[in-house]
Amino acid sequence: MNHNSNDTQAVKLTGEDVAQHNSKDSCWVIVHGRAYDVTDFLPEHPGGSKIILKYAGKDATEEFEPIHPPDTLDKYLDKSKHMGEVDMGTVQQEVKEEDPDEHDRQDRVKRMPILEQCYNLMDFEAVARRVMKKTAWAYYSSGADDEITLRENHSAFHKIWFRPRILVDVEKVDTSTTMLGTKVDIPFYVTATALGKLGHPEGEVVLTKGAKKHNVIQMIPTLASCSFDEICDAREADQVQWLQLYVNKDRAVTKRIVEHAEKRGCKGLFITVDAPQLGRREKDMRSKFADIGSNVQSSTGDDVDRSQGAARAISSFIDPSLSWKDIPWFLSITKMPILLKGVQCVEDVLRAVEAGVHGVVLSNHGGRQLDFARSGIEVLAEVMPVLRERGWQDRIEIYIDGGVRRATDIIKAVCLGAKGVGIGRPFLYAMSAYGGPGVDRAMQLLKDEMEMNMRLIGASDVSQLNPSMLDTRGLSMHTATVPTDTLGLNVYDPLVGPKEKAKL
Amino acid sequence: MNHNSNDTQAVKLTGEDVAQHNSKDSCWVIVHGRAYDVTDFLPEHPGGSKIILKYAGKDATEEFEPIHPPDTLDKYLDKSKHMGEVDMGTVQQEVKEEDPDEHDRQDRVKRMPILEQCYNLMDFEAVARRVMKKTAWAYYSSGADDEITLRENHSAFHKIWFRPRILVDVEKVDTSTTMLGTKVDIPFYVTATALGKLGHPEGEVVLTKGAKKHNVIQMIPTLASCSFDEICDAREADQVQWLQLYVNKDRAVTKRIVEHAEKRGCKGLFITVDAPQLGRREKDMRSKFADIGSNVQSSTGDDVDRSQGAARAISSFIDPSLSWKDIPWFLSITKMPILLKGVQCVEDVLRAVEAGVHGVVLSNHGGRQLDFARSGIEVLAEVMPVLRERGWQDRIEIYIDGGVRRATDIIKAVCLGAKGVGIGRPFLYAMSAYGGPGVDRAMQLLKDEMEMNMRLIGASDVSQLNPSMLDTRGLSMHTATVPTDTLGLNVYDPLVGPKEKAKL
Amino acid sequence: MNHNSNDTQAVKLTGEDVAQHNSKDSCWVIVHGRAYDVTDFLPEHPGGSKIILKYAGKDATEEFEPIHPPDTLDKYLDKSKHMGEVDMGTVQQEVKEEDPDEHDRQDRVKRMPILEQCYNLMDFEAVARRVMKKTAWAYYSSGADDEITLRENHSAFHKIWFRPRILVDVEKVDTSTTMLGTKVDIPFYVTATALGKLGHPEGEVVLTKGAKKHNVIQMIPTLASCSFDEICDAREADQVQWLQLYVNKDRAVTKRIVEHAEKRGCKGLFITVDAPQLGRREKDMRSKFADIGSNVQSSTGDDVDRSQGAARAISSFIDPSLSWKDIPWFLSITKMPILLKGVQCVEDVLRAVEAGVHGVVLSNHGGRQLDFARSGIEVLAEVMPVLRERGWQDRIEIYIDGGVRRATDIIKAVCLGAKGVGIGRPFLYAMSAYGGPGVDRAMQLLKDEMEMNMRLIGASDVSQLNPSMLDTRGLSMHTATVPTDTLGLNVYDPLVGPKEKAKL
Amino acid sequence: MNHNSNDTQAVKLTGEDVAQHNSKDSCWVIVHGRAYDVTDFLPEHPGGSKIILKYAGKDATEEFEPIHPPDTLDKYLDKSKHMGEVDMGTVQQEVKEEDPDEHDRQDRVKRMPILEQCYNLMDFEAVARRVMKKTAWAYYSSGADDEITLRENHSAFHKIWFRPRILVDVEKVDTSTTMLGTKVDIPFYVTATALGKLGHPEGEVVLTKGAKKHNVIQMIPTLASCSFDEICDAREADQVQWLQLYVNKDRAVTKRIVEHAEKRGCKGLFITVDAPQLGRREKDMRSKFADIGSNVQSSTGDDVDRSQGAARAISSFIDPSLSWKDIPWFLSITKMPILLKGVQCVEDVLRAVEAGVHGVVLSNHGGRQLDFARSGIEVLAEVMPVLRERGWQDRIEIYIDGGVRRATDIIKAVCLGAKGVGIGRPFLYAMSAYGGPGVDRAMQLLKDEMEMNMRLIGASDVSQLNPSMLDTRGLSMHTATVPTDTLGLNVYDPLVGPKEKAKL
């Protein structure tokens, strides 16, 4: 975050100076009042060169901001390309076309329900969907392929029913537990999600503050909009954070990141293992297409390349060759407990135990990677009996994420044997709609639900939650009914209640 | 019900006298033509002080009426706070804002179907939904969280199918049975439901009369709008009532209530064990918010506190520490048979037998407490085989409630082994829409259905109903289908029948 | 059918003569140009006295016609009450109120699709629903209670899937079979359904002609609109008919009917055993209410009585005490094979074999009696393995009815072991919409489907159809999914395909 | 393709010459500028004579083109009936009535999304549905009876879920495999589908080119719009094609076709065994009716005959007597590997192995033949364990087709043991909407999905795909839920999220 590195320059650049570098042969852009020469960087840009060229010679701050941590230009662009401050008064204001969608959105923002009208985590999603920018909403909400897994993640919880116990003294209910040795108020953590600034200008640090207030752990994402250090800096004294890691092909880079995180006090390293390639999320792709559609109408071939390019670019950063043989090395470079995030069947959990890691997150990446991957909660129900049979249930900590929306979901996971659950999107939606207070209320609602529902299930303590309190017989049946009899439905008169008298 | 306690006062208060006490420092309200000083009571009010302050210095009768039994002020407010009669002619009439919703509702009331158009219990619900005040409807109809259990309660009956017997002489069909020794016409009782005056100005006594007419038992609710004694007084000579009990932290209060009920002739004590804390019902909360929304728009923080406050207040009245160790004490203070209402798994039924109680109600509180609690009928199917295996089936009486809408539902429960079923909301809806005649017709419809369906299943007597008459294989499968293939549905042309000729 | 019994009277009555008898003290009605004194009959009328009094002193032909066989008045009304011919020119024409519903219906009749646009049996239902009178449609289409069984009947076939065989020589496909010794073209018969004239002025004889044309058997209903003899008379030389029988309390009447049927050549006696009381069909009741609603608005109590009265009246005709002990008597009074229609579980099929009857129809009365009775096809799948285990499969003939709409449905039943299936409503709909040609086409469509689908399943002969050609694993699972997650659905954006360019 | 056979004729016919032959007694039609006398052919025309007579004496090119391969007239019409070239300038232009549907369609064509907006195979279907002619769409998209199997084909894949493996080195992913010895890029082939010119004027050769570009195999359909030789000619050097064969009653014809195909280089012979008679597809029939409806309004009887006639005509071409005893003969007349296309249960697969064929395609003909036939993928799950048990899994190659829309579907089939899958309709839709580039993009999308999803499931090579990577427990459950509780749904208020503020 060294925006001031060229401050010594006496003379500011003018808008006209920059505007001359408006082609792929010489491409400057303005970000936060400074000009950068990105000509050589164009072919390397993970998002493709086109999106940069759209701002060649212009101010790109608005587009740049939510997608990139503020230290990006310092980190990835040589200082020699930092061309200095720009006198922003001389930069021509782009006259934006009236966007009717945006106009409607602004209207919806004005009519937003007040925060107190949100009674559960779904409510934040309902509001966010109406008030977020379409592309931001699409990025957060989209999943892989037909989004079957995305929805199954929540739906799976609906297949688990309770067998509550009565006449248990539940005057005092203690929802707290520990995660990797850290005492937390309630068995959830804020899991890693990318690009927080799409939803809120302050990005992930809003979640840091919410996590502190409710004494839960935040997992810092590799692909945050804020820089790693900003998120660490936002932490209060004894607050605990974990690091989510996409492993870089260049292990030196990976090592540097891990060591830095440990130095900055991170208490757990969660290696993402379900994303050798980032998934195709068609809702997101469609939304982006619409966004820049007017500029690319003529060149039909371009779009294929661009999406391909993005995939390749990301593949070149995340290492698809990561394998079990790398685990010993990770164990050698850090003292942080190491957990594998994205394990999806019991065979791999057993292997993880044997490999000596400290835990796993049963997860399908929020339904954003492989469609028809099973939900974390279902895999949990497969995993725990096998672990218990071998007496291995205490050799690692098991977490799940995906689809958690209610405290009853958390209780179900803990009953089955999870130490806790990760929650991602709901907090993003709360943050996007209402900022910090939204996150605060979302967490408080979960706590209220947790306390009440532990009472109602007959447990005064998290340790009392156990598998006999659940009926999971319907959980693992992935079936669909026979396709609808459309002709038959067509001729059936549904029953209706009594008819009102005619209006006079 | 001692409204006349201050009648000796010669001089009536004027509206202006009362109007001066319109703040939290001095807060008087008028109820039924009398003024009360509730200043000191404000912080203790379970519904929060705000709702009272809204009426500070004014007539609160209309708001007070449906929520509180008439003896509330006598019981809970010291006589010194009873400020005397008010000359109602001097009280300024509040000019109510035109409420378009209410206007529409009045229109719907005018167009109500006549009673004879209701052919089943669902029909009353259809009418009630249209003609009840929104908040009253929301209170009655709401359930916990996502209302999954609320709906599962009825849906569970749909998973049980009949295996009827033919060529049985069913010329005479006897639907009568006994419950705790009382002979009743048909195996249902009117279960306890709160706040009857929300639906009808006379409240629970309307149900007392209906129960008498059809010779079924009424269970008197702790949280009735009418006072306990009013409901007892409405009873006819040999009519039987039971008492539903929320156990108070102060066992002396509880003892007093139980002894009073026994003295007044109650024949059964049903201790609610599924409500250590009253559930969150979001539909109800949303409706209340809307109701007083205009007054609280500015203070966003208030709402959280208020709902919290209500939860706490109710928790301080109902004892969340109630446990198995209390059962012997209950058995010692009354000769009434004792039943546990809200048992939800076979383990607890076995324990209830061992504890020596006389029966259990398998219930999830009408889906208003723990979402994803199983239906009573499903728990019944789990319980009875275990009891029979141990030869314990006659040691207690088993009842269920929740979701009963048809006589076939009653038959299913009795076939499985229940002595009878409790029915709550349907009678509230019948009463709310059509008053006493509605309740009468609702009960008569059940009797007609019962007689006919016993004929059709081939049983001339309740004792002939048995498990071999049912196919329950689909009952306990809590599954959901794979999430919809939205893209696929999007491109599939449903079949349609032959097309009409074009209109000329 | 002795309309001419009073023809010798020289002087005709005038409309004015009849109009004077317009009260319950003296009530005459005109039917087909003759006057009848029905005063004493009023309290006995199964449909209640009210409906007759509506026509007191007037011409009731239009209302009378579809509900009563033409010999009704001769059979049930003493000749002394036949008051003679009426000069219809002197009878005042009732000016009918303009009925907007009827106007719309007439418009739909004009726009009816031509017959060739009906490609399957559902299509006739689609047309009939639009062009039939509302009350007639309601009578035909309604079922018991929530109409769950009504729909399950067809839906059950959807749970049975094929395991077709390939490379079987199917050049010639023979769909014929025998039923009770009669050779028929295809394994279905026209089952008994009541009140054919509601759908078509000629009533059941339309079906007689269709059955002849396609060489299938017609089962004559007890409650036909045509008289039994009319339906027999409509039969051609070697055509075979069966009789469906509701057993009368007066066994002498029953005996007379059976003997008459045998004399007239009926080849099978199907005793209805699933209707000790006729079911409540709410759609039908609602439609009737609407029909005469304007006349009864004031007297709310009447309707209850009337429906009760109808139930009682019908109960007094059909004998609810009919039981297994009556079977030997039936076997003694006729040489016709005797079959029980409406058997619903394997225990009763075994008992039927032991009782010595010649067959059973596994049926739930088209879903019109007991809701949640299982479908005939499902009961068949329960019955046949047990019969085969005992070697009893050839001791009786098994039929099913209910929900058959496709030749594949017939094939499924025959594969499982049925001799054939009864089809009722579809032919009523075909007849109601298109008369005789409709029935003809409906039957031809079934034949075409049958031949084709036998080819496709790899059977050239009905005898080759066998259980290994089916997958019935999903058949007996009466389950419902977890209730919908309405909040969740509320916030999920379904996927959509590519968006069209904006309209210019 | 000998259009020039009469070119030596000096004088061209005039439109008037042809117009005189406009009845069934003398019927000439013009096709591609030449006149043909089809009088004697009328009764033999598989599509019925009516459709030809509509064009008697006129230019029939537009109607003829998509339905018939160009060599049809040469093959089936004696040269003596080729009446010579027509001076098209003298042929009267038919003034077409303005067709509002066609007008709307043209408008939709103008607004077609650009190709890059198609992100998956369903998207092409979405576009094709909007821009294809109604009759063409109906022909491609329709299925048998209620189209239950049609939809089940895709739906079945949704019941199979993944058990992906993590930490497998998937840097390089190889999606290639072999089919009947041919190396292909990805385990799918373009399966045979009829009448390609309905969708695109160039017909099946568009698919030939696409298959070449992506190195996959094309199966040439018997009922192509292009002639067999045209499709062979379109092949590039080392490209591989297979032949799909409907077996003709005249085995000499069949032999000639097979020998010709082998000579032209076909590498596999797929004998269709699921179509002894072509299925009734009602959507298709309805669409055709509408198309020519105005001409046949008066003659209601005609339509029945016509459809019957078509069925008979096709039956006389395809041999319904084809049986297992014919297999040795096929093996004797060709060296091409022989596969049976349309096998539907394990018993027939075993018999196929014993009969010595080289493979089978588990298929239900795209849901166009027998409704309630199971999906190929489900039959595959039934077949493979039995084959493996016998050690026969390598004695034949197993393919499936039907419902494949995603690379995950392909992966599922290969995991279960298929060598590959056939894909038909999706490429027709891509071709119909976007021509060659559409087919290209569709195939490329599958390749992209395949590579990505193999990475995500943890397989770098097709040979690593195995059954342990799947959860198929829900696959074979053909069940439907209990019919909807329509009355209940009617009275339930679905939950809704927070309400927006009122619009000002």
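To keep things simple, chains are lettered A, B, C and D as they appear, and every chain counts its residues starting from 1.
FYI, a residue touches a chain if its C-beta (ideal position, glycine included) is under 8 Å from a C-beta of that chain, and two chains touch if they have at least 3 such contacts.
All values derive from a computational prediction rather than experimental measurement.
S.K.: Fitting on CA atoms only, what is the rotation between the copies chain C and chain D? Please report it in degrees, nearest 5.
M.R.: Going from chain C to chain D via C-alpha fit gives 90 degrees.
S.K.: Measuring between Cα centroids, which chain is at the maximum distance from chain A?
M.R.: Max centre-to-centre separation from chain A belongs to C.
S.K.: So using the touch definition from the top, which pair is joined by more C-beta contacts, A-C or A-D?
M.R.: Most contacts of the two pairs: A-D.
S.K.: How big is the gap, in whole Å, between where the Cα atoms of chain A centre and where those of chain D centre?
M.R.: Roughly 43 Å, centre to centre.
S.K.: State, to the nearest whole Å, the distance from the C-alpha centre of chain A to the C-alpha centre of chain C.
M.R.: That pair's centroid distance is 60 Å.
S.K.: Which positions in chain B are in touch with at least two other chains?
M.R.: Correct list: 117, 119-120, 122-123, 125-126, 146-148, 151, 155, 158-159, 282, 286, 474, 477-482, 485-488, 490-491, 495, 497-499.
S.K.: Looking at the complex, which residues from chain D come into contact with chain B?
M.R.: Chain D residues touching chain B: 120, 122, 125-126, 129, 141, 146-147, 151, 154-155, 158-159, 282-283, 286, 290, 405, 474, 481-482, 485, 487-488, 490-493, 495, 498-499.
S.K.: State the interface residues of chain B toward chain C in the complex, per the touch definition above.
M.R.: Residues 114-117, 119-120, 146-148, 151-152, 155, 158-171, 406, 408, 441, 444, 448-449, 452-453, 455-457, 468, 471, 473-475, 477-481, 484, 486-487, 490-491, 497-503 of chain B touch chain C in their complex.
S.K.: Would you pull the chain C residues touching chain B in the complex into a rising list?
M.R.: Touching chain B: residues 108, 110-113, 117-119, 122-123, 126-127, 130, 145-146, 148, 273-274, 276-277, 279-280, 282, 285-286, 289, 297, 300, 302-304, 308, 311, 319-324, 326-327, 340, 342-345, 347-348, 369-374, 476-483, 485-488, 494-497 of chain C.
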